[in-house]
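Next, two complexes with subunit A in common: one pairs it with subunit B, the other with subunit C.
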Partner chain A sequence: MSKKINLPWNSLGLIGVLIVLVLFFSLMSDYFFSTVTFRTLVNQIPALTVIAVGMTYVLLVAGIDLSVGSVMALSAAVVGVLIVDFNLPVVIAIVAGLFVGLSFGVASGFVSAHWKIPSFVVTLGVLEIARGGAYLVTSSETKYIGDPIAFIGSPVPGIGVSAALIMAVAVVIFAQWLLSKTVFGRYMIAIGTNEEAVRLAGINPVKWKVAVFAIAGLLAGLGGVFQLGYLQSADPNAGIGLELSAIAAVVIGGTSLSGGRGSVVNSFFGVLIIAVMQTGLAQLGVSESSKRIITGLVIIAAVLFDQYREPLAKKLNRIA
Partner chain B sequence: MGLKQLLTRAGFLITLGLLSACDSGTPAANQEATTSSEDKPARVALVMKSLANEFFINMANGAETHQKDNADKYELIVNGIRNESDLAQQVSLIEQMMATQVDVIVVAPADSKSILPVAKRAIDQGITVINIDNKFDQELMAKMGVSIPFVGPDNRAGARKIGEYLAQQLTAGDQVAIIGGIPGAFNAQQRQAGFEDAMTAADINVVSIQAADWEQAKAATIAAAILSENPELKAILAANDSMALGAVAAVRQAGRSDDVLVVGFDNISAAQDMVKNGSMLATAEQYGDQLAVFGIEYALQILESGQSPEDKNTPVDLVTQESLQ
Partner chain C sequence: MQNSASTLLSVHDLDKTFAVPVLKQLNFELKRGEIHALMGSNGAGKSTLCNIIAGVHQATAGSMQFLGNDYRPENVNAAETSGVRMVMQELNLFPTLSIAENLCFKHLGNKFGVIDKQRLNQKAEALLTLVGLDDLSPDTPMAELGVGKQQLIEIASVISEPTQLLIVDEPTAALTDPQIDLLFNELNRLKESGVGIIYISHRMDEIQRIADRVSILRDGQLVATENIADIDVDTIVNLMAGSVDESAKTITKNNNTGTHPVAFTVNQFTRAPAFNDISFDVKSGEVLGIGGLIGSGRTELLRAMFGADVASSGFLSFANDNFQQKVTPKTPIDGIKAGIGLVVEDRKSQGLLLQGSLLSNISLSILPKLTRFFGVTNNSQEHELAMDIAKRLAIKYDDIYAPISQLSGGNQQKALIARWLLKDLPILLFDEPSRGVDARAKALIHDLIREQAALGKAVVVVSSETQELMTVSDRILVLSNGRLAGEFDPETLTEEQLLEASFRYYSASNQ
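Moving on to the complex of A and B:
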């Protein structure tokens, strides 16, 4: 339960890992350490970033959401179909897509919190339902949208990063504020730490849990919109396995799988670590087998690092 | 305290292990060596579909072998996506290759449309882009004002070759059936068209055309139905070898192995055995492991000569009992 602002120390280990990775890839490749590489890299992460934010909240209340990848694909599919087949204005299509994500989140949250079914099982079901929905609305074909949606993913002139990235970073900052500065944030941590105690204190955890899943769903929908802007097409197979990337990023960021402890900003660092790994390994042209083995090792190493990051952070806080 | 120290050490050891593992394993080491030489070899990025699929692994391996034999001419970076349909990852990979300022990107697009915008950006950046395996959508290319050369087998011509060889064993007026691949797929359409070209030219009567979606079991069911409906049937032309194997099974079950000839496409090893022992008449080899190499060679040729790129056909050869001997 972080009352005082000890954020920089907490993030220190992750920033360290990030710096080591960047240095390593810069030494290995002549082309890695460049503005183009970093710009390309950050423009690829908006979808994963907002989905990792939602996942952080869900893990905080000791839940899990396996459906985010499918929900993202379905939301994107709905936006795509509304633009291409129904000729609706882009803004309306986007709102509809976000609404789809939100609804799935509310449904998952309600079913699991109200009937006390593990969210693992509920969202596993929703994973299938949303994927089926994505196939259904797209007729299992990739919908090419093109220019109308490109503005979200294209670099903003003068800055070089996309509108999607700016929005994603804004989401990270807002979500961290919500977590560390508001009642909602404190309830999330309390529910994740000891749900029974929360109930005994006279607070109904069900509605807060539904809210958390609703946010995760909405952010999955937003991720879908970002993905659309990036690809300029709605792919019914988008985001397969994305839930695992999101969980990996969040766990690298030190959020506990058993709830009650976590940080949105650190999840963002987790996303960056994964993105740097992917970009670096791709630029080196490492074989697919080594890529996977190295990625797996780095995930474990980063979490190990996290184990002694905590006591170190405390020590540094005492000194500071 | 002891535990903490242990963890610290473990962390360092893992990091160290990682560093050394990467050091020995990556092609970057040999890249460094070659870039220092006087005339810089071209840098070629091969962006594949799923490297979990044998067909693409063979293609990638073929390219890597070719690069080793031509190390003075070019450097090669091979990347593939996690699963066949991960468009976002393929777009990312192409962008990352653009960031490393490669000279050439040879791409097997996971989708014929969605990969085009990023391919166009690569071209705008001055990179030579070559299309292999799955052809980019012609209409969208025209609309976007780009032209990306496709280097790959002419499936229609290949199928025609097989059909012509079959026609030599038949007489005008004979009845044959065609079993096609997935109806929407470009190569399925091309192969079927090639078969039909050859049959029409030889005045052979195509009594049935049905799709079995590239699948062996489905082809067996369909072939069985066709056989019982057409007692005079002389041959079945299958658009790939898996379906040809299914057709052969159906022919055998119907007890008509002596009367009905079967041809396929792809030259997979099981089909090779069947051609050898005579249960299949012919198939076609499209040199799958060389498809990426053809693309790379063509790109290097364009780089050198500056010629304007056009589509290029790669060889498709007939495989028969004689050719296998």
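Moving on to the complex of A and C:
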């Protein structure tokens, strides 16, 4: 009997799409295939990457978190204010910022899971609350921080990419490990598949869902820190609409919006696909309006493809 | 069967097979202007027959004549076009719409789709008067009404359409006595106008009051059709009772479970209206069967014992602390802590992760034990354990990592049981353990259940199949309309006794 091997067609497909996009833009533009473009591109994505990781978890348990963009802005604002106005050490400010993200995640998770309110509605409310909070703590002004925070966003000597990117990739790897190798990961998938069956198997789904939202909140806070490192200032308007980019990346990566199926690594490929498209189209001189239309079409194409993913993967496995 | 002028519907040699044959060569005749009661124990085929007549299902073989013409409705719409309508047991109402909108749902607007509210309300008022609800405003949202009134409105909406054949399935469960009177008046009025009515009910007294004739089904066949005046309750029960295969009782059972120690007791357990004041005990090493009609509160009782729902009063107590502590499980986690596992009735919606693998379904409730450190799963240990129990339970699969939805019902059920066997709890509750599985898997599941009792566990089995109850149980309790209606020894129990107990508290005189 031959051993059956299920190849990771999803990841391979996404890598294929990435290669095609890179080839396309390299052919179309003289500047695209260069170290400079590559560095610029990857140093833009750490915040979106970690937020997409949290969003993957939330979608896995059949929830959604619309508040991540605002929570990111609030966390960054808190870090900025603590450094600039309170002269606190950077590390303490960062820990406080992460704590803010974590708290908002715990609150969203608790309210939606414990009182069984759709997370869509709860996090829509939290989106407003956190955004208001960001305006409040910054008095609606951008806080310039400058050097103290720059180390996160500037290239690490000898590597060329930022510390933020290295940390973001580490988060992706760790989160994928957590998903595939631990009881927590298995529970996430089970809850997203059939929450009532999980409850009747003697597992408390509420506890685990709160944990998932807590992680998403913490990662939104971390995204805020990365954003600070990149911009070197705390902008209360940062991250508007970021939740939608994150959802787009996660969906392009093949995570199911109805829960129970998904992959952190594939969400990261989703982030890369969006970033390559944005950068590539910009270099081709495509206008912002056309860029958005094209991005929208790609999202819909990804979901369509995902719909017919399983029969396709089966077919491919039969051939292989 | 000869068709006479008075015949409305005749059914000839009807077969219907789902996983197993449900109707076998069934014959049935309904006259114009009669109320024809349909009786039979669980699984006799009453609902299947009605569903075929109403176009919900299609027969595997056989024929029907309606008004002298061949009748084979492809769907509910086709049946309704012919004038055949069924009042569903589950309500088909829109809770957020008003009474008037619900009553006129199929003809809401004029030809431009515009709603004339005055016309709707007038029509609705007439219908409400018909079912005695004329004190209600047609504008009232459906959600504000109780189940009984909703039921009447459902009936009103069905009979508001031209109807020649009406099927009502257990309509009075949620109705008060005056509402029942109104319903019966309305049914009688329809009957006078020539409508043929099929009336399904467990309540003998109602049937004697309203029906003209009664047909008794057993194992998918018609055993008798009699004028209601010519038949008494005992005869009906005798006709419903099949002959139980005596060989089934020879399955190895632990003798003298009477001397076994009590494992736990159930005390005045109540969750109204599903079940009331239920007390019994379960011994270690015995299988306690619970019989009764579908809807008699058995599933709700098991769920409350496990903590899937919460009992409103009453408690459990256990041998391990000499019955000192009074336990009322509030969550399944409480139930498991008390040593109870529940194999649920509806495995697809409440038991399995259908898109999940066979492996992940088996290991779900013991994952924390299958870890190396910090919650990292030990995949090889998990795989080994799952393969091992899958082999022991003879679960057939190609790939243990493939979705469990690809497996047959029997193998899915065995996987669900495997999950609880791995949990190794002293008390196991099974709700309809062999529903929708084939005969071989069923025999295997019965052996498994007996084996658990032989290992000293306390096992409770709810089943709607008499044969199954007799096969696996050391003792049998019967629930009737949410109350305990008797305890029996399967060795001496006859199906007549079981049915008599099952129907006991559905009669008004015994309530």
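Just so it is clear, the second predicted complex is superposed on the first by the 294 of 320 C-alpha atoms of A that agree within 3 Å, B and C clash if a C-alpha of one lies under 4 Å from a C-alpha of the other, contacts with A are read in each partner's own complex, and residues count from 1 in each chain.
Everything below uses one rule, namely that a contact is a pair of C-beta atoms (placed from the backbone, for glycine too) under 8 Å apart; a residue touches a chain by one contact, two chains touch by 3 or more.
A quick note: this is a predicted structure, and the numbers were derived from the prediction, not measured.
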Have a look at subunit B and subunit C on subunit A after the superposition and call it: clash or fit. fit
Check the residue A:Ile240 against both partner chains and state whether it touches subunit B (first), subunit C (second), both, or neither. first
Just checking: does A:Phe269 make contact with subunit B only, subunit C only, both, or neither of them? Give me first, second, both or neither. neither
First, second, both or neither for A:Arg261, with subunit B first and subunit C second: second
Once the structures are superposed on A, label A:Val198 by its partner contacts, choosing first (subunit B), second (subunit C), both or neither. second
Check the residue A:Met28 against both partner chains and state whether it touches subunit B (first), subunit C (second), both, or neither. first
Subunit A residues touched by each partner, larger count belonging to subunit B or subunit C: B
Specify the angle subtended at the CA centre of subunit A by the CA centres of subunit B and subunit C, expressed in degrees to the nearest 10. 130
Go through the superposed model and pick first if A:Gln278 touches only subunit B, second if only subunit C, both, or neither. first
With the two complexes superposed on chain A, say which partner A:Ala301 touches: subunit B (first), subunit C (second), both, or neither. first
In the overlaid three-chain picture, find the nearest pair of C-alpha atoms across subunit B and subunit C and give that distance in Å. 18
Using the touch definition from the top, list the residues of subunit A that touch subunit C in their complex. 4, 6, 181-184, 186-187, 189-190, 193-194, 196-204, 260-261
Flag every residue of subunit B that touches subunit A in the complex, lowest number first. 4, 7-8, 10-11, 14-15, 17-19, 21-22, 25-28, 31-32, 35, 45, 51-52, 76-80, 82-83, 85-88, 91-93, 95-101, 111, 113-114, 117, 140
Contacting residues of subunit A [partner subunit B, same complex]: 20, 24, 28-32, 34, 36-37, 40-41, 43-44, 47, 142, 144, 146, 150, 227, 230-233, 235, 237-241, 278-279, 282-288, 290, 294, 297-298, 300-301, 304-305, 307-308, 311
Show me the residue ranges of subunit C that touch subunit A in the complex, using the header's touch definition. 306, 308, 331-333, 335-336, 342, 344, 349-356, 360, 364-365, 367-368, 371, 374-377, 379, 399, 401, 419, 423
